Amino acid sequence: MSAKQIHDVDAVIISLTNIRGNLYTMSLRAPAIAETAKPMQFVNIALGDLSDPLLRRPFSLSGIYPDSGVIGITWAVVGRGTQIMARWQAGESVRVLGPLGNGLDIDELDTSQGLLLVAGGTGLAPMIPLVSRALAKDAEVHIFYGARSADDLLDMGGGCRVHLATEDGSIGFKGLVTGLLEAFLDGGALGDGKPTVISCGPRPMLSAVKRICRRHRLPLLVSLEERMACGYGVCQGCAVPSARGGYHRVCTEGPVFWADRLDQGECTR
Amino acid sequence: MNLSVNIGGLALKNPVIAASGTFGYGEEYVKAGDIRWFGAVCIKGTTLAPRAGNPPPRTCETPSGLLNSIGLENPGAKLVIEHKLPWLAQFDVPVIANISADSREEFSELAGMFAQSPYVSALEVNVSCPNVKAGGIAFGTSPDMCYEATRAVRKAWEGPLIVKLTPNVTDIKAIAKAAVEAGADALSLINTLVGLAIDIHTMKPVLGNVTGGLSGPAIKPVALRCVWEVAQAVPVPVIGMGGIRSAQDALEFIMAGAGAVAVGTGLLIDPEVPRKVTQGIREYCEARGIEAVRELVGAARR
Amino acid sequence: MNLSVNIGGLALKNPVIAASGTFGYGEEYVKAGDIRWFGAVCIKGTTLAPRAGNPPPRTCETPSGLLNSIGLENPGAKLVIEHKLPWLAQFDVPVIANISADSREEFSELAGMFAQSPYVSALEVNVSCPNVKAGGIAFGTSPDMCYEATRAVRKAWEGPLIVKLTPNVTDIKAIAKAAVEAGADALSLINTLVGLAIDIHTMKPVLGNVTGGLSGPAIKPVALRCVWEVAQAVPVPVIGMGGIRSAQDALEFIMAGAGAVAVGTGLLIDPEVPRKVTQGIREYCEARGIEAVRELVGAARR
Amino acid sequence: MSAKQIHDVDAVIISLTNIRGNLYTMSLRAPAIAETAKPMQFVNIALGDLSDPLLRRPFSLSGIYPDSGVIGITWAVVGRGTQIMARWQAGESVRVLGPLGNGLDIDELDTSQGLLLVAGGTGLAPMIPLVSRALAKDAEVHIFYGARSADDLLDMGGGCRVHLATEDGSIGFKGLVTGLLEAFLDGGALGDGKPTVISCGPRPMLSAVKRICRRHRLPLLVSLEERMACGYGVCQGCAVPSARGGYHRVCTEGPVFWADRLDQGECTR
């Protein structure tokens, strides 16, 4: 009668790489998580046994390999916790709680008109497992991906149509990825197609995507980040305002939400 | 090795309780942890009417601590009693209902409602929530008001009655005594310390609600001191909490005078804390030939 | 970039002060650190008669915190005035004398003695020491007693008068207002929180004096909240302290409303904290085109 | 006019060795400290920038090499801090404050009748630099050294007369080192000699040594440990009761004290 779906595992680090600059990726042996995780779910990683830093840190799964029991995460060093993680080494083991959040079940998603993914920065990470599952379903996938500069771009698997934007123009379109998206849609590139849009990245980017999708009447799913304490639904710490008043928990009702379930202003913070 | 304790009429198979607000109503917890390691569980602070809670951000990490300003988000007593408690009953772990109110009348009404539920083993009166404007902590900062709130609940509820105290007071012993005089069978301490965090980049308070409640290992010394002071001032058992993550932490509270302990922030970090704490207490006792954890209560003052 | 501040008549070249009790009288500090990085230094809490202090152990590390029960060990005001202060004067850094007493009369006598010294730039009245039985904290827990103590000092001392408050109270604003009514030119907050630690191997409290005062990063959120509350309740400047180790910490206090900050436990860990904090504040301001640190005082509430 | 005598240096770890069991030793490049340190002084080592653990940890200098600018410390893992240190690696740099405490100036010590050192456990560490300086002065040095078992013994340099005791008898005399010392002195091995006795180790051992020395009228110096916050004299945290009432600070007036300056009961805690 165990209802356990979320596992707290001692995961051995198989590899840890500094992609470039402050970007890192690691793969971990965590069969219990790899076997059941869905794209866009996340894990909550403990930074050690000491009490500073106290809380675990949430990271989306950038790799899900049920056959080999391996998961991957990809992160940017932005503070103390991510800095500590950057110093970890292959062979060490770390405590990982997951899989967490709703995630996206590709079989429940209408991919007949294709998928249009919009990612900013490390927001690409959770898209990677999604893309491979969508491609396996023969869906047509466009991916709009923006970063500050070529140095801040993560690698993607092949197979989908990639539209790059960098703020400094060091590669691809020079400007915001939302500008590139807008030009693409306004240009009628999709004809009458109504692909589902899925977006993950900084809040201001999500707001712009929401505005663009509303104008083009495209269904939009956004993946949100919010400060989390528990990550598994017990503390109500990760609230985002709902369209119907009250709040949703990002860690449990999310991180993936239909944009229209969220309060109007919500993507702007 | 006997781990059982009795807290004001509430019999627990072991002294480890899930603290209110860090366990929800159990639905999410059971997906990640094994509820049967708890001697009892305490539900999220529940009010008469549903409450949406405070605007985000609601949490902020501090050195060895956590600030939260959840603001008693809960679906209201009616829904809790009709849906959450019957579901939770399946696990056969005693349930403590944590209640919060803005007035004596409301406390009394709430207590009456929970008295109708067959699934509540004890009531915990929260006179110490720092995150709601009216009521909440105000009842816990004066002996008279604490007496009033406790009295109101006592009249409507016959089972074990626990009053949960705030450390944000000059003399916690005086409040504790008032609660006991009004009929409390046990006391829980401590609730969170009022705190604040500033973001120097935005130049604004981090929390949407400005101030929040500080919990976690940072407050353990303050919590231990409160337990130490109160346990010798009142004749009823004390449930100690504040920063417990390990058996060692729990034993410190027990030796300071706590008859049982609760784990709050620790649960947020590690759903398996109750197992680790319970097993660790057992090992400690077995290694020293201590036959019942009860023998350790208040050991540091003998 | 202008780092100077004025705290109730005390002009400081930068807003970083050595907190009382973590700098001694300077003799040892100058062997390890450079005193000239301080805007001012505050000497160890001094009493009329010499005090031997409390029995050891006197310190205990806690999560992100330090418990101490020094118990105001000091050689007495006479020796301090005759020997310590003249020596300290050579460094040309304003000296704040922190004084503690058991009665109004003693406070008044102490203030009168320090008024005779040419080497004291300000007095800090300690109504908040948790580590001595009589007096100490008692004066800081009631508005009336705080008023009395401040008044007594005010009559005997004309220079800048700072009152140092304890966070171990229900309403720190009320105490703050009483101090200001009695003539305080500035307020220092916070002193330590009362805490306790237990050793589960000996089954005894760790500290020889049982309870101690909790300081360090663990208490920073509580200290920031006190500064936030008090700075908007009184018309005088506030000196903020509690867990400051870095420029970021210091800026948090300044934005919450502190006109200056003090470093206590941070000095114990790293004698160079004042340099790091001062330089860090300068860098922060320069990067943002802020011309005077004064502009940041209370920035988070605008 | 800088009065600085105590330096806070970023010291690079030259080597770090697990001697055996829970015993570790490391050498650090810290010229400013190595050049002025005296035997029996100590350093206060920071465990990192995070705030848990918060305080530095004090360790006696087990090596002082002014010429190469190197210092050594030797420690037993007993808690969180010493555990963290055991995971450090050569090449990393750590923050070290020192030299701290009074230490012993070999030139100010009467060594004409020889030295009799009594060490328990890691209490041997601070004796090592002392021994080599005493030998350089041609002093006769007896060293009584006790530990729980052969596995808990540290290595010493040669040149002095070593009297070993282990509680389990795995090497040397079986029993407490103070039993060995007492038998040695009672047996009249020293004749009329009145060597200065210097002792470092657990408090109960120091108490026994004090009792023995009083009976034999030998001058005794003890090196004490006490919980420290600052280690450099500003907090009054490390108090030990003085023979004349009041307290001494172990970090400043000590760690080395003439035994008769301490309160009678003091060595017993």
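Order as written gives the chain letters A, B, C and D; numbering starts at 1 within each chain.
In this text, contacts are C-beta pairs under 8 Å (C-beta built on N, C-alpha and C of every residue); 3 or more make two chains touch, one makes a residue touch a chain.
Keep in mind that what you see is a predicted model, and the values were worked out from it rather than measured.
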Both-way neighbours, i.e. chains that touch chain D and touch chain C: A, B
Between A-B and B-D, the pair joined by more C-beta contacts: A-B
Length of the line joining the C-alpha centres of chain A and chain C, rounded to whole Å: 47
Mean-CA-position distance for chain B and chain A (Å): 35
Chain centre separation (chain A, chain D; CA means) in Å: 55
In chain B, residues with contacts to at least two other chains: 63-65, 216-218
Per-residue overlap in chain A, given as positions that touch at least 2 other chains: 51-53
Pairwise touch network: line, ring, star, complete, or other: complete
Complex contacts: residues of chain C adjacent to chain A: 63-64, 217
Touch list for chain D against partner chain A, complex: 50-53, 80
Residue ranges of chain C in contact with chain B within the complex: 62-65, 67, 141-142, 168-171, 193-198, 200, 203-205, 210-212, 214, 216-222, 224-225, 228, 243, 248, 251-252, 255-256, 284, 296, 299-300
Residue numbers on chain D that touch chain B, as the complex places them: 51-52
Residue numbers on chain D that touch chain C, as the complex places them: 2-8, 46, 51-56, 95, 97, 226-230, 232-241, 245-247, 252
